[in-house]
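Okay, here's the structure, questions in a sec.
Note that the chains take the letters A, B and C in the order they are written out, and that residue 1 is the start of every chain.
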Amino acid sequence: MITRSLVIASLMLSASMSVSIAADESVEVMHYWTSGSEAAGLNVLKQLLEKRGVTWSDSPVAGGTGMNMVQVLRARIASDTAPSAAQMHAQQVQAWGAEGVLTDLSDLAKKQGWDKIIAPELLPLISYDGKIVAVPVNVHRSNWLWYNKKVFDKVGVQPPATWEEFNQVSEKLLAAGITPLALGGQPWQEADLFENVVLGIGGADFYRKVMVEQDEASIKSETMTKVFDQLRIMNKFVDANYPGRDWNLATQMLIKGEAGMQIMGDWAKGELSLAKMEPNVDYGCSPAPGTKGDYVWLTDNFGFFTTKDANREKGQMEMASAILDKDFQQAFNIKKGSIPSRVDVSMDKFDYCGKAAYADRAEAQKTNTSLPSLAHNAASNAAKTGVFLDVVSTFFETKDMTPQQAIDQLVAGLKSAGQ
Amino acid sequence: MSTTLSEYRGVSGRHGENSAGLRLWLGQNASQLALAPSVVVVLVVVYGFMVWTGVISLTASKMLPTYQFVGFEQYERLWSNPIWHIAVSNIFIFGFLFIGFSTAFGLALAILIDQKVRAEGFLRTIYLYPMALSFIVTGTAWKWILNPGLGLERMVHMWGWESFKFDWLVNTQYAIYTLVIAGVWQSSGFVMALFLAALRGIDDDLIKAARLDGAGTVQIYRRIIIPQMGPTFMTVGVILMQQAVKSFDLVVALTSGGPGNSTNLPATFMYTQTFGRDQMAVGAASAIMIFMTVTAIIVPYLYVDIRNNRNEG
Amino acid sequence: MKADGIILQRGPSHHVARVFIYACLAVMAVVYLLPLIVVVLTSLKDLDDIRNGSILSVPQRWTVEPWRQAWSEACIGLRCAGIKSFFVNSIAMIVPAVVMSTAIGALNGYALTQWKFRGADLIFAMLLFGVFIPFQIILIPMARTLGAIGIANTMVGLIAVHVVYGIPFTTLFFRNYFLSLPSDLVKAARVDGAGFYQTLWRVILPISIPCFVVSIIWQFTNIWNDFIFGTTFTSGDNVPVTVALNNVVNTTTGVKAYNVDMASVVMTALPTLAIYVFAGRYFLRGLMAGSIKG
């Protein structure tokens, strides 16, 4: 009885502190953009929505490269208290679409002509079962090679155009006492490297066969062996302490001139500009070796969870349309380091590398070489992507593992994941 | 709580007027009734959820629970996953070393501190404070200290010992031992407190008598003091074991399972499969394996513990 | 009484032994303090200082700016008002959760030992098994359950979760403590005609303070430091301070301000640290009184 009255007493005590769901137009937005530049970008959206009379209720969940947020989101859906909107990568849109919990945006999309303004390669991934179920905020590019210009000038090398050249440049940097490649040994960073090698050595068609279709013959091919050989060569181009390092600490090595190059998505610009490094002056950006003319993309989207509350749904529609607002697309993506998901936004205010990315994407769209990133959940579902992450990371860290062993593990793992 | 008690009296009083039989029954079964809410709740949130997890492990659940049954297929997939094998062997290495070293350090510290040292309270607080911090708090600091390029190794180099090497964190073979270091750091102070409490509870006359018989210090500890602390060792064992089984924050903060997946533990494997890989059923299968192992270890312990208490009573 | 500890009495090697003991204790103390020193030093540096110095170097320019920022300016998502308001959440959560789980544990321990019935040991074993549940496993079914009761995503739900998973621990503490009490106490009270709750209130609770201290400290530490329940079962402005802390220090593709991170870290840890510093001796007394003896 002590128990019971204590329970009641504290229930009453805490009831006053519990969440109340506002009745007016409001959106609860779950996301993992908690750090400076990202949050600043999202704040633009919040202000835009408030101008349109929609209240923003913020539910950030950082950590685990988004995995923490996925876990919290699942619990919220399991308890029937889904947020209005949540940040998701391209393949996550597909997964939630398959669960049938996403609000249909097709009417809005038709009214605003999304099929004409959104980058065409994104459209299939924001659609499920013929309905539009998510809206893309930005497009990042993952096949970037960042290099320290001063270091390159000092050693007398040019940004490498192929992986062979990359090895030669690296040897020269190594001889000059500089770590050629700044890398953080975390599975997603190693997978980033892997996808760039796959594309650089195998080309766009091979990339699609391996990353998107998981074609067994391609994975078992000679080309794949070459890919793993190149990864093994790169073991000696990284410093000894790379395992577990966060990507931004790797960028710091580039900034300090301890390292010559980094292969990383364009969010690296945030770290570089914080160190007062100017694009095309202090650092250069060029497509990763062998990937000129290709564009490897990843997007952040917002999906909206079905609700019976008409006000909430109105809020969701307002948010979806605000995300595609031209001014927002411009302001957000400048802050985030990405480029707009729309294809008709003025790029005047973007930096050198942003403009280059935008132009390269337009070019790649024409040649059908705009490709989804594996490491950032755009190419394949979570189970299969996980197999790549596991095998590539294990291979890179285990020096006596052969390419054949890696390929065998990939094939076996993908088979199991496909069940 | 005083209102609660009077409320109780009020309730029982009313019953007394209406039905003496009910009151008698309530009085006779007060103990069971007091336990009933806890038993019901634990039945649901521990055993019920365990059964639920078992059911999920037999289904094809991916993102959210579904009830399409596939037999033991998920267990096959689990055991065909090389990372699960790493996680299983890691938990035995980690558990063994973590429990062993935490116990050894805790006991050593307790014995040293029990030598009537000055500033005992101060030292005790220092050894005990890691217990107050979670790895969300200390993870980054540990990562820096253990990182050869930032922490200990670099410092020793700067002091002039150039050949000093401490690169376990970045070495697939040794990274698991850094988890042991941080784990022991966090838990050994608490173990020390438990042992210290036990040491202080030992009858001094026994020690004096042994001393008169000419027993040396080491002998006194080995023959007289430590054997008397059997129950404390048991408690330490249970507390450390539940920490080892639940170790999760530690891995996430220090290595995130790397380098090269070499430091995964069953709990992190389960989490990654369930929430990172959309393989909820495989995650559930691994959870069932964790439960089964814990049961195999804890049931004999409980049996011994309860039998001993019964004998004493 | 032991004259000088057990290791050695007077004698020529006495001093050597004392020096050895102090040396061991001092070295260990430094090792144990190392992470805290790193955290505190970093929180008092500016970012350039962190990038250029070593982790144990003394700040070149001491600054409390990171502390001010962490307290009232750091961004947690889109809200840049520091972690201060989240302390209120944690306190509002921890008081009922600790009080209730401890009270239930005391009641259970008492029922399991002093008013023992057939099968009490089995029930204890059943409850104790709960301490081995890795919390990651039960998140989804717990979310379902909370949703069904209607307290999902509320502070009440979070408190309930902490209470139910605290019961196995608190029951363990009190059960073992009460086992060490002489059984005559309760027998005498029963002879006098006192009932179950009267005996608990008048006879048992007054002599259980040491065990309450242990239980409260243990529960306080675990609940304050909890992250996974907090992040899963509350959201937005309601989250406990550890969840806010995680949002400050954890970022995937953003720039890290390590000094602000570390200042937030120290602030978040202060309540539990304070408890150990100020209540540590009572904690030890509680342990000595038998609350965790096997």
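The working rule: a contact is a pair of C-beta atoms (placed from the backbone, for glycine too) under 8 Å apart; a residue touches a chain by one contact, two chains touch by 3 or more.
Bear in mind that the values here come from a model prediction, so they are computed numbers and not experimental data.
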{"item": "Most remote chain, CA-based centroid, reference being chain B", "value": "A"}
{"item": "Which of A-C and B-C has more C-beta pairs touching across its chains", "value": "B-C"}
{"item": "Distance from the mean Cα position of chain C to that of chain A, given in whole angstrom", "value": "37"}
{"item": "Computed distance of Cα centres, chain C from chain B, in Å", "value": "14"}
{"item": "Interface hub residues of chain A, defined as touching at least two other chains", "value": "1-3, 6, 64, 71, 74, 78"}
{"item": "In chain C, residues with contacts to at least two other chains", "value": "103-104, 107, 140, 142, 197, 246, 249"}
{"item": "Of all residues in chain B, the ones touching two or more other chains", "value": "1, 5, 8, 34, 37-38, 65, 150, 271, 274"}
{"item": "Interface residues, chain A side, partner chain C - complex", "value": "1-3, 6-7, 10-11, 13-15, 17-19, 28, 30-39, 42-43, 46, 56-66, 68, 71-72, 74-76, 78-81, 83, 246-248, 252, 256, 265, 267, 270-271, 274"}
{"item": "Chain B residues touching chain A - in the complex, by the definition given at the top", "value": "1, 3-5, 7-8, 11, 34, 37-38, 62-65, 73, 77, 80-83, 143, 147-150, 167, 169-172, 175, 252, 254-262, 271-272, 274-279"}
{"item": "Chain A residues touching chain B - in the complex, by the definition given at the top", "value": "1-6, 64, 67, 70-71, 74, 77-78, 95-96, 98-99, 185-187, 239-245, 381-383, 386, 390, 393-398, 409, 412-413, 416-417, 419"}
{"item": "Residues of chain B touching chain C in the complex", "value": "1, 5, 8, 12, 27, 30-32, 34-35, 37-39, 41-50, 52-53, 65, 108-109, 111-117, 121, 123-134, 136-138, 140-142, 144-145, 150-151, 154-155, 158, 185, 189, 193-194, 196-198, 200-201, 204, 207, 217, 220-221, 225, 230-235, 238-239, 241-242, 245-246, 248-249, 267, 270-271, 274, 280, 284, 287, 290, 294-295, 298, 302, 305-306, 309-310, 313"}
{"item": "Chain A-facing residues of chain C, complex", "value": "51, 75-80, 89, 92-93, 96, 99-100, 103-104, 107, 139-140, 142-144, 146-147, 151-156, 159, 197, 231-236, 238, 243, 246-257"}
